[in-house]
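Two complexes are shown next, each including subunit A; its partner changes from subunit B in the first to subunit C in the second.
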Partner chain A sequence: MRAEASKNKVKKILVDENSPLFDKTNMLHKEFPSDFRQIRYFTLLIVQTAPPDIKDVNLLEQQISEIIKNAVKHGNKCNMEKKVRVWYSFSPEHAHLIVEDEGEGFKDLEKWNSFNRTRQECLEKQNFEALAEYVSYRGAAADDNDGGNALFAALEYWDGGFVFNQKRNCVAMLKKFPKRRLGVQVDGDNS
Partner chain B sequence: MLSESLSQTQGGPSLVKVALALVSFLLFMSLRRKETEGVLTRYAVFAAFLIIRDCVFWLFPIPDLYRISDLVVFAMLASISVAPRGDWVLWITIVADGAAIVLIGFKAAFGIAPGFPSEILRYVALVPIVVAALKSSPAEGESAPGWKVIGRMRSVMAAASIVYLLAGSALGIGSFWFQGIVIPLCYSCLILLSFLYMKIVEENLVSAVNYYEESVDSLYELLLPSEEGKSGAVAMQDALDSMIRVIAERTGAEGAAILLVEEFEEVLALRAMHGSFAPPFKLPESLPRTEERVTSFLRHARFKLGEGLLGLVTGTGKPLFIADALLDQRVPRNGEEAWLSFSSLIACPLLVRDRIIGVLALERSKDGAFTESDFDRAKLLSSFGSIAIANIFSFLEAAEKSDIEREATLAEGIQNTLLPKRLPPIGEFTFGAMTLAARGVCSDYYDIIQTRPDRAVIAVGDVAGKGVAAGIIMVMISSILHLITNSTKDTATLMTWVNRGITGQMDLDHFATLGLVTADFSTGLLEFSNASHQPILIYRRDSEAVETVDMKSIPIGVERGTGYSAKGLRLHSGDILLMHTDGVVEAMNEQGKQFGRKNLANALSRCRDLPAKEMAEAILGEVQDFSGKTRQHDDETVLVMKAKL
Partner chain C sequence: MELKIRKSGETYIIDVNGEMDLYNSYKLKELVTRMLEKKVGRFIINLENVDYIDSSGIGALIYICSTIKKMNLKLIITNIHGSVKKVIELTKLMGYFPITQTIEDALLKMEA
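Presenting the complex of A and B:
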């Protein structure tokens, strides 16, 4: 009777250079230096173009901030000479973002996926003892400020896809905002 | 002997009989037009038969013929009160009366069984009347006036039949007393019946009027707005709560619930509950059967459309009425506890045109089953309730839109208040500035603050964020600037102070880029300090080239301790200084290309000979032409300072 959410397939980060999410046509564009201090500022510059109809704009802001943080910190290693390029487009129905850094690319992508899968399996089997090992993902370069949960949340949030390019230094993502509507059409022949 | 005496007494009484039968016939004929059950039509036929029978008897006063006709009359009477539903009663009537008619006929024609009096056979006519009276009346539970009148007249008709038969035997069929008094009295029962019918029709009308009055009352109460001044989700919840209370009271429901289809998902969720509502669906086995846990489960559960009893209603859009839950296999059994079960259920879809927005469920557990009239009332109230809910939805949506609009208007107001209305020339310099605000953004700022007759601070900034939040930061920057420019401090210090004033002051994102130019109009010397803002462009009259002056730095609001630097420049006669915001160079055209700095520099060169004010307009005009129909995403601002030639 209840709509079960947990039966969803385990989501994973994809690598697909040819994903339509990399199409930058008509997207706004900005580039920033890899200045960790300015991440909130950059995020605001991007989010301010989102239409006011988008309901939970704070969550959107938080998610965008995380992605830019990844690019600045893990991609460009906070090297101010290296740029973060962002393409973005918003409408009341979607948020589309492409973030590119000048780093080596996300090397641990497969490791992360397998970590995530195991974590999900533990959750489904309600194996909380084993789950304790999978609370957060810590890559080799992680420091104490990395929560290790940003990507899990990102994967949930960007429900239209979360895709890396072949080099894994550019990630494209899409969020779909459901349209608010009143009720549903009645099926069949009713008066 | 007998036939002679009969013919003598026939004239007057027959006339009275026939006249009475005729009057009742005419009454039945006039009333039958509005009656759908056909009862009065049968009575009209019956009255017509009486007229014919009496006329025939007038011409041929044969007692046996009269007896036979009596049998037919009683058969008709019995069939009217039981047919068309009367089944075996009709057969008994036909068989008994048929046999009696045959016997009387044979006796009269061939003189068979002469010792057997025909008068006794007349009493066979009582058989169907008695059987029909013993059998439950077809009129029971019927609200149609035709059937009601049969029900109410049954005893009168039965009594009249017995009196008729006995009086016929006692007084003699042909006697004046029988023909002139008893028969007309019995016939007047038919007239009484038609009057009673009219009375019942009126009673029904009155009760219908009462019903509709009460319905209108309940609709009024249902749609009556509760307290004013509520907004948003509170208003909706209030409306649903009062709606469910009114509907439950008006239908006598002990438990009631409204479930609505979620706004973003195709699932039903409980939105309002009244009284003790037993779940009309299967609860999970693992759920403890305590009222607290079950209520909490109900409040958080999501139901797929089309599943279970309530889903059935949402799936088909048709109302559901289960008078006796014990007899219905679809009703789930969730436990022994009394509060977990109901005895009667009504579930109505909440429909708005052809969209289903939810379902209303009403339950009774003790006070007997719901009736058809409760069901009718529930259907009526739920259909009006859905319209009310739909109206609130539209209202909330409109209110939300108007909130967005109001915020945009407020922000525009702040921006317009801060931007200088006029830019008068200072010394040999003229100014022009223009901002094209993107609706709802309003984050660009410019100002020219004259601190001495030959000195001014020119500021162009862009607050990150938008709307009123951006407006507040803009107010802060403007206030700080107006305060500190009155000092003799250099431009870099001014910028450092603005940054210190803004950073960490409020729990609000407060970043801005800012370009400050301090101008000494007596010498043409400029000092430029930049906080991550767009570079300044300078059109040089002698080289006819555009120079770009940029300084790497971070926006204000990032770090309190940031120290900013400044760069010295000089404007010669005919030179033009252009400051702008990112909205100008990042304006996109339909092909997705940005306007860019090169186009801006070209625009600057092209309109170099226009007055400063017109230059600003012309440059933004070019940006607009470039963008075409593309939506403007950000404010676009240009500020021009021209040194006279």
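Presenting the complex of A and C:
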């Protein structure tokens, strides 16, 4: 039973067209051409609307940049005619992002989940020798500049969910940030 | 990103300056490959002046680490901090990479 419970805990990429994470109400929107050279610039245009508290040493920027890179490179194959559409909303307690490309969709999703499950097992056992075979995922179209590790970090970072639509060309994600306590100390309260 | 090489005994220290991102991480891979061709066997990669890394940068470090491990040569990555540390932690590879806090620790470990 314990092993079963541990297995169930392994995070995976979901496909759920009806996920509430696809609700675009009150989200800001931008769209970009699939220009590989401008991925970080596009990302900055989005991240600049986030409150400073949640930018945490560039981590939000870095994580968003990975998702836009996947859409530009793997989704739209850097075809400038094809657009990447991004919806986003930020507050001190959350970052919510939806990124859609015009590609064929993430066909390797099940393979990726299976690869990640084995990777997690190696990590749990601290088996770094076996892990060496699972440090980066190589999809059929991957090239030498693909790190093959962006989605491992994404699943950890986007702790409120990471979900694809049915066609798998649109991904929605949520990061929750802990509420900050106001720095008011009540007299006699030592807690 | 700027790469500088200095030498301490038999060990080559590569100081990485700037951002390791999707536009330039391949440069570090190319440099290490060239150094391996010149029979360098001991590497320290110093990330003290790196404040931004993405999956391409992590990928470059994985490639370098696995290549050097397979050749039974020595590599230590040092001065990992800030968002670089957080990204490596997110990918859960802190245990996979040979890491020390400082260059001095790396040099000591290299001799061990």
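Here is the rule we go by: the second predicted complex is superposed on the first by the 171 of 191 C-alpha atoms of A that agree within 3 Å, B and C clash if a C-alpha of one lies under 4 Å from a C-alpha of the other, contacts with A are read in each partner's own complex, and residues count from 1 in each chain.
Operating definition for what follows: a residue touches a chain if its C-beta (ideal position, glycine included) is under 8 Å from a C-beta of that chain, and two chains touch if they have at least 3 such contacts.
Since the model is a prediction, treat every value here as computed from it, not as a measurement.
Contacts of A:N58 after superposition: subunit C is touched, whereas subunit B is not reached.
Once the two complexes are laid over each other on the shared chain, residue contacts for A:R40 go to subunit B and to subunit C alike. Of the two partner chains placed around the shared chain by superposition, subunit C is the only one that A:Y157 touches, whereas subunit B remains out of contact. According to the touch criterion, the shared surface of subunit A, contacted by subunit B in one complex and subunit C in the other, consists of residues 37, 40. Those residues of subunit A lying in contact with subunit B across their complex are 1-3, 24-30, 35, 37-38, 40-41, 44-45, 47-49, 51-53, 178-188, 190. Of all residues in subunit A, only 37, 39-40, 56-59, 62, 65-66, 69, 123, 126, 128, 131-132, 135-136, 144-150, 152-153, 156-157 touch subunit C in the complex they form.
Chain contact summary for the complex, subunit C toward subunit A: residues 21-23, 25-26, 29, 51-60, 62, 66, 69, 82-83, 86-87, 90-93, 95-96.
Per the touch definition, subunit B reaches subunit A in the complex via residues 261, 263-267, 281-282, 284, 301-305, 307-308, 314-318, 349-352, 354-358, 390, 393, 397, 404, 407-408, 440-441, 443, 464-467, 470, 509, 511, 554-555, 557-559, 586, 588, 592, 594, 633-634.
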